[in-house]
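Below, each structure is written out as structure tokens.
Consider the two complexes below, in which subunit A is the common component and subunit B and subunit C are the respective partners.
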Partner chain A sequence: MTEHTVPLTGAPVSRRATALTPPPAGVWCALPMILLFLLGFLGPLGMVVLYSFMPRGSFSPIGRPTLENYVDIVAQNFHISFGWSLWLALLSTAILLLVCYPLALAIQRASPGRGILITVLIVAPLFVAENIRLQGWVLFLDKAGVLGGSLQALFGWELDSLVNNVPAIVFGICYIYLPFMLFPMLLGLASVPHDAREAALDLGASRWRLFRDIELPLAAPGILIGSLLCFVISLGAFSEAKFLGKGVIVTIAQDIESAFTFGQNWPRGSALSVLVILIAGVAVFLAMRQVRLENLLGRR
Partner chain B sequence: MESSLLSRRLLALYLSLVIVVMYVPMVVIGLASVSRSRFFVFPIRRYDLKWYQDTFDSLQIQDALWTSVSISVVVALLSVLLAFFGALAYARFPWRGRSIYRQALLIPVFFPQSVLGLALQLWFNSLGVTMTWQATIFAHLVWIAPIVTMIIAIQAYGYDSSVEEAAFDLGASRWQVFRDITFPLLGPGIFSGFLFAVLLSWSNFSLSYFTSGADVTIPEWLYGKMIGGYTPMVPAVGFLSVLLGGVALTVGLLIRARLGGRR
Partner chain C sequence: MAEATSAPILTLRQIDKFFGDINAVERVSLEIQEGEFFTVVGPSGSGKTTLIRLLVGMDKPTNGDILLRGKRINDVPANRRPTCMVFQSLALFPHMTVGQNVEYPLKCRNRPKPERRERALACLKVAHLPESYYDRPVTQCSGGERQRVALARALAFDPEILFFDEPLSAIDFRLRKTLEKELKDIQRETGKTFVYITHSLEEAMVMSDRIAVMRNGRIAQIGTPREIYTSPNSRFVSEFMGEVNTLPVVVDDSGEVVCESLNLRLPLPASLPRDKRSGSLVIRPEDLRFARDGEGLIRGTVFNEYLLGSRVQYQIRVGATTLLVEQLRDTDTAMLRDQSVALTFTPTESMLFLE
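What follows is the complex of A and B.
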């Protein structure tokens, strides 16, 4: 792998001497966003890493570095909440792949105008705070909720509460993150040329062959980006477990929050965050090696 | 092609089902907000608008509303400003380092928001920044400005840069080109970006929760009540928030349709 050192910018080496000329317009335009990235993302993450090596319960990032927080994490069964978070993220990503693919196909086959309307309808719930929507599901699924109450009133069926269990949490995560899977998938499917589809069908390809040999490879970048987005964001799932699970399981995001708040142990919260950041980082790195985001959004 | 017709019907049915499911919680919230009883029981026995009256009378909620609105408007304005230039750097100008810039830009979006919120809290604490709604604006920008940049960049990809060159050739100044060509051509993208930013900021919970200190936004107020004890004001405030967001989205999309352009 070390042989593979293509310069990222692709700029010829002879242009090193540009330091004397004023930087091009692109640099000036990018500067505010770069500053935001450094001060709002890399800085805070660096601080988290720094704190994770501080002694237990310290409130300053300056001190003798130690590994005791990581040792504590291993010793104190935090692998359970890590396991739950990873499992929830993987499971809901897998479910969303299956749920969203036919959905994306249906939207793509609709006429352009209807396609946009449907997309807006599915994406619009993103603009409602997730705790409102989760509360809505609780009131729907709970014992005397809309579902149970209707069944009781109509058929006299007694329905037990459908919340406060793991499947409810998985459902909540899938519901909340569905648009994040659907949208990149739509972009991916839109890059499958209509001619390629027609040609395959004319040559006698079955629906399955069409899917396997034409659609899937061409739409793969979109599908991969959607999966990555869902996986990484749901790794931080927090409200879902709180409202729909009511404590049946604890996710890693909840552990981190309580370390920072009730626990008043910033270094421990930081060390836990570092582990989440590592998992997310590996996932992003692996996916980004396969696909470049700009190819998905750029000129077609 | 009979099987194709059947599969088409099935797909359409599936699509409608998903759309219905997406809106179930909003409908339930609406129902719960007009039920008189202290705890929600379905079917509703007595309807009452009392909880809306309480909501409008509450000073706490007025404060939260004001905080939420201020944050989302300021976030949207600043995001659009940052993103406009960010998008030009992304899509229009070639420069060294652009490829890294393109890859790094969206990383804050591909990140668990609760962890980002806590990291920002730690960061502000260490730098001695007092956390108020201004800190929340910054936190929202970290997440929203990259999204707006992408929205405007898509628009920037879609237009022909030779128009700008022609204007330069005809003797237009840099400012004239910007004012008469670049800005109007990117207009629809800028507007979409603004709309997205307002709505994403309006509905955000994780980043606000960890960075706003003593200030409370509407989603935070709701969260506090949901944890600390349910009151029917929760669905009332929630439903009003849904309505406000819905009106903003509809008006925005109508304006956007008049502007034309890609997507």
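What follows is the complex of A and C.
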């Protein structure tokens, strides 16, 4: 892997030592990242898992392990939040698939200049914080908001609030996570050779057949990764339900937050987190198996 | 060979193709006969790829008509035309097996699986691929095998005309020579009309019944390989054929052609116009012969010698000019470097183009 990497001159390694036994420079270069990963990702994750087995309401990670938090989750009505989160994640992923595919095709077929322009326009909102963008939509869609107010002032139409409902939440999730579907999908479509399309058409394929037999299988890795990203991220959707839903439903992320804050029940919050991580893990596992399968069948 | 007795299978009438202001194909008219191996040859940028894309239906001509068996097909898209193409890149489907690739055109017509398989195996056989390749992923095939898969796939389509866009250009020399001959054999066996595009006139010569030489979007000459070889109609066509000696000439007041660099005077052939004063004399290396003493038209010295297998090529210095001379190797005229030699040629074998 990295054994043959020659350290850069000027690296804090003595020249003589380099000449005798080249130190594994790759490992040294990767060390900061490895430390960050251990301390910043695996460490907290381990803590969450550990806390999830602590007695209810305990604030210490040291104690007699118990499954009571998991029993509580099953006994109390947390399956409703789980259900909503899963449903929202699946629905928004499906909607994003349908919305992004034609968009990705259009970007790919546009002239390079226009393609970049569209990409920049799609990326631009990412420079504004998610919560601010969502609040903007609330101001726009709420009763007597920008939309309703304007319609009333111009045409005298009364418009009720368009937020505080599930469709508004789904809209919010799709709006926020669109780039996460679009860009992997673009990468996937870019790996469909142009002349394979032309050859399929030349051999008599219809538009639909071209899509089903050539474009979809060849772009599948990108599409799958995009769907996976959207699904996993929207599984943890929090702000969308909070701002655009204003409490019509409670997602699992909100349950976790309140367990850690109002509830002051860290073990319960941890147990809920562990379950969410498991669901996401299963999704990733299933999807990655598909991607590998695809690579096996296609390019190697 | 196709005799021009029957109606042409493909007719082009005054085809123009513009990309913006660029006239990639300009007023091209030609007729291709049923069962013919027709090759379009030209240097890169001559418009031959643009032309084939028009013929296959991937682009539309700006002006003019394309007729297939007398029916105008300008606006018929590629997937509705009874023709198909072997791409320069081959454009095999990387996620499919050899069999799936070859069967694809039949799948597009919703043929049942047993029929598809049978036809695919038959086409693999025509393309000289063993049946065992049927289940092999195309990604595991070598360059030459991929060529055969692409050909088998096009044959499975059973096209009225099979187009080729330089499919052999990325193949090494020996395999290319083999595949060129195989392709011509397959064309004879199947009796299909093949339209082939290449930048190599040598390749065109080997395979074709007729050749169209393209230059700057126009057709410079159409003819059989023999016609193109023996009577090219322009300096461009004559030079395109390979290494030739091109020498500037002028026509003097007495009506004689003067080639100053070779210190040579020739009579102006009656077929050439009288009003042009300058031009070029083109002599093929194989048309120049070493002459016995006193018989030579041109005197020079041997500069270098190259062995080309069955032939030997010499560079002969004549003043400031270097002439290429090619001889069969078995002529026991072993030449030494710096040796003085006399050269001769039959003026009728040379080509004179006045501008």
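As a working rule, the second predicted complex is superposed on the first by the 268 of 300 C-alpha atoms of A that agree within 3 Å, B and C clash if a C-alpha of one lies under 4 Å from a C-alpha of the other, contacts with A are read in each partner's own complex, and residues count from 1 in each chain.
Heads up, the rule we're going with is that a residue touches a chain if its C-beta (ideal position, glycine included) is under 8 Å from a C-beta of that chain, and two chains touch if they have at least 3 such contacts.
Source: prediction; values computed, not measured.
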item	value
Larger contact residue set on subunit A - subunit B or subunit C	B
Which superposed partner A:77 touches (first subunit B, second subunit C, both, neither)	neither
Subunit B versus subunit C as contact partner of A:41, first or second or both or neither	first
Which of subunit B and subunit C A:145 touches, first, second, both or neither	first
Partner chain(s) touched by A:111 [first = subunit B, second = subunit C, both, neither]	neither
Doubly contacted residues of subunit A, that is, touched by subunit B and again by subunit C	294, 297-299
Interface residues, subunit C side, partner subunit A - complex	56-58, 77-80, 84-85, 87, 89, 91-95, 104-105, 107-109, 137, 139, 153, 157
In the complex, subunit B residues that touch subunit A	8, 11-12, 14-15, 18-19, 21-29, 31-32, 39-43, 81-83, 85-86, 88-116, 118-123, 126, 138-139, 141-142, 145-146, 149-150, 153-154, 157, 199-200, 202-206, 218-219, 222-223, 226-227, 234-235, 238, 241-242, 245-246, 249, 253, 263
Residues of subunit A that touch subunit B when the two form their complex	8-11, 15, 18, 23-34, 36-37, 40-41, 43-45, 47-48, 51, 60-61, 99, 102-103, 105-107, 109, 116, 118, 120-122, 124-137, 139-140, 144-146, 148-150, 153, 175, 178, 228-229, 232-233, 235-236, 238-239, 242-243, 253, 256-257, 260, 266, 269-270, 273, 276-277, 280, 284, 288, 292-294, 297-299
Partner subunit C, residues of subunit A touching it in the complex	193, 195-196, 198-206, 209, 213-214, 217-218, 294, 297-300
